[in-house]
Amino acid sequence: MSLEQARGVYVIAPTPFHPDGRVDVESTDRMTDFFLAAGATGITVLGQLGEAPKLEHDEALDVARRVIRRATVPVVVGVSAPGFAAMRSLARAVMDVGAAGVMIAPPNSLRTDDQIAGYYRQAADAIGDIPFVLQDYPLTFSVVMTPAVIRRIVDENPACRMLKHEDWPGLEKISTLRAYEREGSMRHISILCGNGGLFLDFELERGADGAMTGYCFPDLLVDVVRLTESGARDQAHDLFDAHLPLIRYEQQPGVGLAVRKYVLMRRGILASDAQRKPGAALTAAARAEVDFLLSRIARSDVRAALS
Amino acid sequence: MSLEQARGVYVIAPTPFHPDGRVDVESTDRMTDFFLAAGATGITVLGQLGEAPKLEHDEALDVARRVIRRATVPVVVGVSAPGFAAMRSLARAVMDVGAAGVMIAPPNSLRTDDQIAGYYRQAADAIGDIPFVLQDYPLTFSVVMTPAVIRRIVDENPACRMLKHEDWPGLEKISTLRAYEREGSMRHISILCGNGGLFLDFELERGADGAMTGYCFPDLLVDVVRLTESGARDQAHDLFDAHLPLIRYEQQPGVGLAVRKYVLMRRGILASDAQRKPGAALTAAARAEVDFLLSRIARSDVRAALS
Amino acid sequence: MSLEQARGVYVIAPTPFHPDGRVDVESTDRMTDFFLAAGATGITVLGQLGEAPKLEHDEALDVARRVIRRATVPVVVGVSAPGFAAMRSLARAVMDVGAAGVMIAPPNSLRTDDQIAGYYRQAADAIGDIPFVLQDYPLTFSVVMTPAVIRRIVDENPACRMLKHEDWPGLEKISTLRAYEREGSMRHISILCGNGGLFLDFELERGADGAMTGYCFPDLLVDVVRLTESGARDQAHDLFDAHLPLIRYEQQPGVGLAVRKYVLMRRGILASDAQRKPGAALTAAARAEVDFLLSRIARSDVRAALS
Amino acid sequence: MSLEQARGVYVIAPTPFHPDGRVDVESTDRMTDFFLAAGATGITVLGQLGEAPKLEHDEALDVARRVIRRATVPVVVGVSAPGFAAMRSLARAVMDVGAAGVMIAPPNSLRTDDQIAGYYRQAADAIGDIPFVLQDYPLTFSVVMTPAVIRRIVDENPACRMLKHEDWPGLEKISTLRAYEREGSMRHISILCGNGGLFLDFELERGADGAMTGYCFPDLLVDVVRLTESGARDQAHDLFDAHLPLIRYEQQPGVGLAVRKYVLMRRGILASDAQRKPGAALTAAARAEVDFLLSRIARSDVRAALS
């Protein structure tokens, strides 16, 4: 299946580490299995929250290869780099081991519409025909893309197959892109949403195909997508709302990854919540807050089961 | 009562306009009364979401005066300006009509710790002994203040009485500032939290004194503060969580004010949700989403009443 | 004469102060006379280096009025403001006292082409039919305008009559804009160059109409424009190059105004080089460096006179 | 000799390419020889203007190795990277082949003093005891370091041996750092200046030890340093001023490298002025301007020889 037809949840995978900093391959396998069991339709490795810059080139490739070989769903690999040489080199290597495509974020020096479109033409030229995901995340990258610029990138680059949408606010952008598609001014691409899932409820209703984010309950994301697709609007929102306090808590810049790894450890998926240095650890107060939020989610599950 | 002892909710007031762009004084009065009835312990006018830059100097002063005269609680007035002349001029004028203090945001050219501290010394020097609120909002102003810099500003400026805390993430910052206070390295100031209330539940538990934000249900903010202070933790979170989907929806940069005014109009407080030009209107889809969220809040209120 | 036909040198005027912070009206008059005697074809007041944000509204208007009444050339007034209310108010006031037009810089929140063009439509709408100068200064404002965006602003706003060009690098931009004009895709506007004059030699050769900057020897700018227009290329460059060490020294962000005022004081035009607080003073080392550069300019003048 | 004692000119080397994009090793050798003959006391490869991000890891290492083996002076290698893994990997590799040290620029996400100091502690920790050059270039990296922060980095990291100073304005910063040294609050490090040499004349007089920049006449930089050191102030400035028009022209962001390579080609050092894609070529107009500036420099040399 081609990436532009992708629907559902592409889970952003963290990179599991041992407390001493080595990549934890057992946890990587367990995590991959967990994502599949949770209903993921794809997996994304080496993204923003995958600690990719802390990995040597060979380590990064090993992580990607391991997940790709184990997964039965498409795997997208983040290849953003300060230069096209490193981008091309990693992109080719991961495609060789079976990746479904790569993801490219814009460098934060881009300002004008022409600069943004030009960058993606150069990147596509550098990596060849490899299918790529356009990442639109102004909060982190300081690059603002209008819907018209996204359309231009899609139009100029046949290899652009998917948008990782995480503009904020971003609901109208989804509506505009889908309107372009309906009016025939833009070909179809898959739109999967990031931003930690903070607006996933409405993003789906606006026309997004699913989520690409790493919220520590990917099973919840899968359920929300499924319920929304099946028209069970209130149930989808009930479920989403029960998790929103934690989704919101996880979506704190610079803290989110620690929360995510901590919960995945508590859920028995990662052996450790260690980040490779330099990384921010949760304080005792923050851990207690996450524990409290988890206990409230558990209670709401019980309530839902009883109702 | 002095500002550094402030607790509770200082509501950030929008400026009501008629559809033709004139300031709507009747709505301003009704809004002021509503805030008081909701339990506000203070009101802040001409803040970031008060459309202050669209007001002529005399209009701004009229709005401030009208709210100050009607309110029975302290009123803080935003006086951020590109230069100290305009800041001083407005600060003096609003103090003359009875403001309790002013609020000062940092200009986005500041980078180093010394530049930030220097700016507040100059500002305090420019406006004289007027009590001021330090606004710490990196997402909007691109100025990052460490806890140590905030302590330095408090130390160097006796007139600094309150922090409008809206860093993101910001929970550890509150804990650090309160630890400074306990260890005796910083005098007490009031900490009221903004960011649309998105983290108010835990901010209060970390030691904040309350909220300074304009969420369209200030009554909810008041209840959350009251329940938290009384130790009813689960009830506080239950209430907060019921509103979180809308809090989250309102906290969209550039869209939030339109949501806020729309809900205040629907609640009968504003005659119109008009913004003075240039302003962003809600699309039909966005209005429907807000309506949906309001219907869910209403239902949760019913559930709560029945339980 | 309409602004779009402007040629020559519009001197950016500093605002003269007494050491105690009062506006120095005698120096303001002397400075105006000096600019006229130096051959200025226009004067710009309340620009970036005019300390406008430190002036109360009435003071600003007084300064503008005083220069306008005394000058026999068109006077442009900077009206950039965080909101359209203040911009409109000042723009109307200065036009009432005889300004030839106003200058508008973009707020640094603008990113996309559409945002930039939209801002200028709104600004033009706010101030009415008042002729305005578009200021393009990415280094200071962090707003990057492509030539196509400038053309769009010119096209959408008949009141846009002049470009204050200070992009860096900017030579190709001038060539592109003039090519638009030749091919008929953009109407003629005047292009006057800022950036302290650092590239004036080649900017004129690329098609600029002159300078709009406040280099402390406006007489030199006038001579360079005149020599270039008359085809005396080597003489123009000889003269320009003799001043380039000081032009370069003056063009230091945050320091430049102190250099400029110091030299104008040494030349007998300003009674004091004081800036209103907060302002950066020259260190003794910096003053000695400027003195040294002045002595070398004086010597080169002697050499030129003898040759 | 240790890097902290370095004086003179460390030339920033461009990476020579053939028109088809391959690294041009013959030109690399010729360039290295030219720098040595010109009097360079050091060479810096893979810096900002060395097109490093366009090189594969092995290519980058090859370029560094080739220059290191041929050079009889210390070679510094730029190792800035988005993550510490890539930084460490390249740093170790180039030290193994004989580099004298590495250069580290700050990532543009750093804002507060603590963040900046923390980053350099982490970087030093990541690369081990390898001597490093601290690059202070706010214009490009958007990171502003006060003198006190630089002192803190020097104090906290024994491996920090040199400052590549290219703040703008930056003269007072040099004076402050040297005053720290005189008062005993900071150990001595070498200060070499970048910024294309635009302020080299005064930077040397303020206490800098020399230049680290790639101006297309490194021989001129060597002469200016030598004349200044010998006390021939006027001669130093005469020489510097003769080149200032071209120094200024070369110091245009994004255009500078094309100018530099073009002149080095015209001087017979590079076989081609090609940049690897994506790269900006000079327009015909720009080439003609550079040619004109070269002809004026040649004439001034003749004048100097005759005088």
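Here are some notes:
A, B, C and D are the chain letters, set down in written order, and residue numbers restart from 1 in every chain.
Assume contacts are C-beta pairs under 8 Å (C-beta built on N, C-alpha and C of every residue); 3 or more make two chains touch, one makes a residue touch a chain.
Please read these numbers as outputs of a predicted model, since none were measured by experiment.
Taking A-C and B-C together, the pair of chains sharing more C-beta contacts is B-C. Which listed pair repeats B-D comes down to matching contact pairs by residue number; over half match for A-C among C-D, A-D or A-C.
In whole angstrom, the spacing between the mean C-alpha positions of chain A and chain B is 33. Per-chain Cα centroids separate chain A from chain C by 48 Å.
Computed centre separation for the pair chain B/chain C is 39 angstrom, with centres defined by C-alpha atoms. Shared interface positions of chain B, i.e. residues touching 2 or more other chains, are not present.
Considering their complex, residues 52-57, 59, 81-86, 89, 108, 118, 122, 125-126, 277-278 of chain B touch chain C. Contacts from chain C toward chain A in the complex involve residues 111-115, 144-146, 148-149.
Within the complex, the chain B residues that touch chain A are 168-169, 171-172, 175, 198-199, 201-202, 205-206, 237, 240-241, 244-245, 248-249, 252-255, 283, 285-286, 289, 296.
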